[in-house]
Amino acid sequence: MEIELGRAKRARRAFAFDDIAVVPSRRTRNPEDVSTAWSIDAYQFDIPVLGAPMDSVTSPETAIALGKLGGLGVLDLEGLWTRYDDPASLLAEIAELPCGESIARMQELYSEPIKPELVRERLAQIRSAGVTVAGSLTPQRTQELYETVVAAGVDVFVIRGTTVSAEHVSSVSEPLNLKKFIYDLDVPVIVGGAATYTAALHLMRTGAAGVLVGFGGGAASTTRATLGIHVPMATAVADVAGARRDYLDESGGRYVHVIADGGVGTSGDIVKALAMGADAVMLGVALARATDAPGRGFHWGPEAHHATLPRGKRIRVDQPASLEEILYGPASVADGTTNLIGALRKSMATTGYSDLKEFQRIEVVVSPYATD
Amino acid sequence: MEIELGRAKRARRAFAFDDIAVVPSRRTRNPEDVSTAWSIDAYQFDIPVLGAPMDSVTSPETAIALGKLGGLGVLDLEGLWTRYDDPASLLAEIAELPCGESIARMQELYSEPIKPELVRERLAQIRSAGVTVAGSLTPQRTQELYETVVAAGVDVFVIRGTTVSAEHVSSVSEPLNLKKFIYDLDVPVIVGGAATYTAALHLMRTGAAGVLVGFGGGAASTTRATLGIHVPMATAVADVAGARRDYLDESGGRYVHVIADGGVGTSGDIVKALAMGADAVMLGVALARATDAPGRGFHWGPEAHHATLPRGKRIRVDQPASLEEILYGPASVADGTTNLIGALRKSMATTGYSDLKEFQRIEVVVSPYATD
Amino acid sequence: MEIELGRAKRARRAFAFDDIAVVPSRRTRNPEDVSTAWSIDAYQFDIPVLGAPMDSVTSPETAIALGKLGGLGVLDLEGLWTRYDDPASLLAEIAELPCGESIARMQELYSEPIKPELVRERLAQIRSAGVTVAGSLTPQRTQELYETVVAAGVDVFVIRGTTVSAEHVSSVSEPLNLKKFIYDLDVPVIVGGAATYTAALHLMRTGAAGVLVGFGGGAASTTRATLGIHVPMATAVADVAGARRDYLDESGGRYVHVIADGGVGTSGDIVKALAMGADAVMLGVALARATDAPGRGFHWGPEAHHATLPRGKRIRVDQPASLEEILYGPASVADGTTNLIGALRKSMATTGYSDLKEFQRIEVVVSPYATD
Amino acid sequence: MEIELGRAKRARRAFAFDDIAVVPSRRTRNPEDVSTAWSIDAYQFDIPVLGAPMDSVTSPETAIALGKLGGLGVLDLEGLWTRYDDPASLLAEIAELPCGESIARMQELYSEPIKPELVRERLAQIRSAGVTVAGSLTPQRTQELYETVVAAGVDVFVIRGTTVSAEHVSSVSEPLNLKKFIYDLDVPVIVGGAATYTAALHLMRTGAAGVLVGFGGGAASTTRATLGIHVPMATAVADVAGARRDYLDESGGRYVHVIADGGVGTSGDIVKALAMGADAVMLGVALARATDAPGRGFHWGPEAHHATLPRGKRIRVDQPASLEEILYGPASVADGTTNLIGALRKSMATTGYSDLKEFQRIEVVVSPYATD
């Protein structure tokens, strides 16, 4: 599939979720016979869903709620919750900002320093609810804050940036040595985004338990316009699933989880991410649509408030249902935003699959959207 | 045409009706010399048209009307007509519902139990008009209701679901054994939707007289957004036509009819479905546009009122003409919604073909819509 | 480039003018050094432009005007001008009709019988102005009216229908034997539309001087929605140009002109039609945009008023300039609708070509529209 | 990648910037470690940015400002600044013109003769500010005006037209002999647009220091509609980069700079142009968006006011920031229009590259826009 763009350049065709669809097999099943269980390291989940570490998606409360509903909420430890004692009024203010001013005001709000004591407090709150605890740092802050985080007690440590590589080169400071860091840490680490086979393979070799596939924040991201970078998700997930397979062989049996992070906005997208080989999905906008989401009808990622180069937007989202209804229904709309897990079960049943690992083998067709 | 989506996944390019068009040959004919006759089992029809078992399309009255006009109306035996004595007021109510509330109210209306006596009554009404009688059940209800249906006297028995497979797997109940069921039954069975070569071939081996090709309800369906499943119809019909050819050989001469069900909205789509190898088409939205259609300017499928996971919409449709004019003209609009059969004849004549079986060999080009 | 649509069907990818563009060569020229001359049979023209036989484009007056400007106007001898003594008021009425009613009223207007004396009168009017005289009939009417037409004195006889084949099959009447007809006739015949290599080759073998490439009326046509037929023009012109080349060899030197008829709406489209191998273009909507065009700001083709199966629309068009300015400028808009010939000269000069025959060899790229 | 368009024509698939994106490698860097330095001949620049010779972009003042900010402003020596003593009021008038009248009025304004003394004056003004001086002529005017220009003292001489070839053929006047002209001149010459490998190779052989890649003015151009010519920029840059490589070998080491000119509207486009092999970019609309740009919220190219065949538009542009902020931020919008150089650095850092020459090797994917 190599394409000649011109005399001096070749490229590969890459595919987005909108470019593909899954097709039924010759077998069908009952939705009740389908399992959506997922586990990573020692942690078991009913559903392959992580809540994205974005302030519009995951607060301590929604991390707890998502945990009780069978998923894993990941708190952004560099968000408003670790910068302010009580971010509720700020979240309300963000939801009130006129369109043209939102980025500038968010740049201000997020310039407040992170407070280690708030990191401890927020994680303790989640832990006390009895659910699996997960928090996220950027690679830039990991060195500075990880001891606080570990001491506060996370079960799953997430290192998440637009792009995280195993080989960061810096002339100004000693970069984070991911391999040593992960080796020294007691808790499983999920790290990303990675967008290519090679980048993911190198991340797997650092000892990570899971790799986030993606680049930036999907619906709310403008990296293609700003940076010229774009990672069509269907191809990226399939490439990283290829790295998982090769690393499994190379390592003599270490299975590193592939987590699609970006571009997963509807139940149809969840189906496609898993079909391309993902073990789980990290949801942003899909959960920001909950009536009880902290974003109050808005959604944004960390790129949106970068001090000098914002690469994302605050977008308005519909709020059709509560978090529980978004995951488990019942739905009274039919657009893939509600009853995500019911839709996943129905899709797996209709196409004849009974568990997520099997479902990764489902047949896929290329068919650009908006036809038929 | 296999495409590498990424390291761990390959896919086939699939085509929708909008992606293709037929082209003239070197010969032309008079429209009067063209035959659109179709027969299945012992039943003869002037036109290769089935009315879809959807409450917005087929009532006992429109089944009779379509029969008299040369086609075959299929009544949904799990629709409003077998749940309520007089559904007219409910159909009127559905047509009055505000957009945001239509799914929720339909979920209520369709939770009323099915009455076997109404099944008998509706079918008897159609039979008494002297036209071919056809009724449709889902696989889930077939076991429960088929004896009523057969006793009531259907000429053609339709088993229709989003996806119907010859190998349904269930841990909770004994699934319908299609092969035994069809073998035991005296009436010809049309079964589907099937979307792939293999699924269709297995359905053909059950003894079905016809296979419905498609998945969900075309214009009113949102399965791509909700389930991630999409069956581009041009490819699906051509694949199932391939299964027909191979099964004809394997069975020593049994010809199973291929019926395109979904995505056939205009006369142009009918032409393309037949060109891809269909023997007939099952029309939904195309007939819901009749001024005398039961949907009263709206159209919806059974997926739209699923209790917990609706995967369709109630859509508003234009009503340019009566059922008779929709089929036979004259037309005073030029958008492929009126005089469907006149357009089919003209298309066959212009491209030089004289009957439907020949027309399946017509040359086709790939040319995405909205250009030229 | 054969594509598998599904198991039982293959297709070719076909291209529209919008899918392609021409690219400069290594040479440039002065626009003044470029010739746009075209000749067919004994007739010489400054520009490779025929006015389409459509009532919104060609009246006796505009046929004369176009002739004086260097092109060839073709009068529709089955249009309003041969049905009514004074069609001016009817053209004005059509331009006033509300959108929803235009087709129905045009169906009425065009049901008036054709008057042979008006055929004579209109052609005599054009002849008396001293320009080349061309009139058009459909194949269905040719038998009935050609003697009138020839007696009235046409220089170029055009037989034009949606699709015209050399092998029309009819059980009701003896079809026109094109080969015999053309052989017996003294005047050169241009015949079409033809859309494929084979159909065109057969038309060339009838002795035609030129072949119209296309199917239906471009901008105003809805044949894809109604008949499922679509002829992407770039591919169609290149295929028929291939037939011209092969027939030149087979016939020992007869050069049959290839005239693109349909989809040629802007100066850019003219450039592309010639680049694909056309010798000339037949313009519809491009000339209907003239302030002095008979359509008075509207455009429609004969398909639009078919009695039972209209397959076209009356479309509203901008009127940026007079016929002379549309052809030769100066332009004060920059959208390809004005100064068509100036643009053609500039395009040929910029890409380094000096005459139309050479220009057919220009390099072309595939690049779907709406990008860059 | 050759495609058969039809029997008599083949074409190559060509790609626009919107069709492609760059993807991260396995390495990441700090933005501070990235160099965006560019040099041509003896001139060094901090950033690979030329201001396009268009009146909406480059005035003497903005040429100076851009020079001080590290780039190279190129003054159009056939624009308003060399036709009028004080064009400020005319620029204000253009910004006030109603849409329908802008082309006609610009045709008038630009018919004023060029004054050699104004050429001298404008260049002297730029020189006196201590920045690199560059001015642009069309090939048609070069003979007439170059001595004035050289005497006035330019550091870099730009010859720019829609298409400039090394072999212009004219029957009316002796065309500019580029090779002799450049050989005789003391200053480095940048020449273009060129759109193909062959055209660029021939321009390189004339001794040019740089070649402009493109055809017409990108955002403000309508050459595809008017002339049928279109140069998808990704392919064009890669083709000309191929010519640079081959000419480097053929000439024994002369490195001719490749400058993308057209279609570079956002920071993402800059990234892609460099990724395809460009050494620098010439920016039009991207700089016309500055609050201090001479276009005052409008943008147009020389094609827009062609006397008889305008092939461009005056387009309205947002003005989100000053020239300095457009280049270096901080940005408070996230659409690729502000902090162009910050975005370039971030993109290079994120994908692991440290200088522009290396960055030309970055991996690229084909992924049509508007998906994901």
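We just call them A, B, C and D in the order they show up, numbering each chain from 1.
In this section, contacts are C-beta pairs under 8 Å (C-beta built on N, C-alpha and C of every residue); 3 or more make two chains touch, one makes a residue touch a chain.
Keep in mind the model is a prediction, meaning the values are calculated, not measured.
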{"item": "Distance in touch steps, counted as few as possible, from chain A out to chain C", "value": "2"}
{"item": "Self-contact between copies chain A and chain B, residue sets same or different by half", "value": "different"}
{"item": "Cα-superposition angle relating the copies chain D and chain A, to nearest 5°", "value": "90"}
{"item": "Chain B and chain C: spacing of chain centres that average the CA atoms, whole Å", "value": "40"}
{"item": "Interchain centroid distance [CA atoms averaged], chain B/chain D, Å", "value": "56"}
{"item": "Junction residues of chain A - those touching two or more other chains", "value": "13-15, 235, 369"}
{"item": "Interfacial residue positions of chain B with respect to chain A in the complex", "value": "3-9, 11-19, 103-104, 107, 162-173, 194-196, 198-199, 201-202, 215, 218, 222, 224-233, 235, 263, 303-304, 307-313, 368-369"}
{"item": "Partner chain B, residues of chain A touching it in the complex", "value": "1, 13-15, 20-30, 32-33, 197, 234-239, 241-245, 266-272, 275-277, 329-336, 339, 342-343, 346-347, 350-352, 354, 363-367, 369, 371-372"}
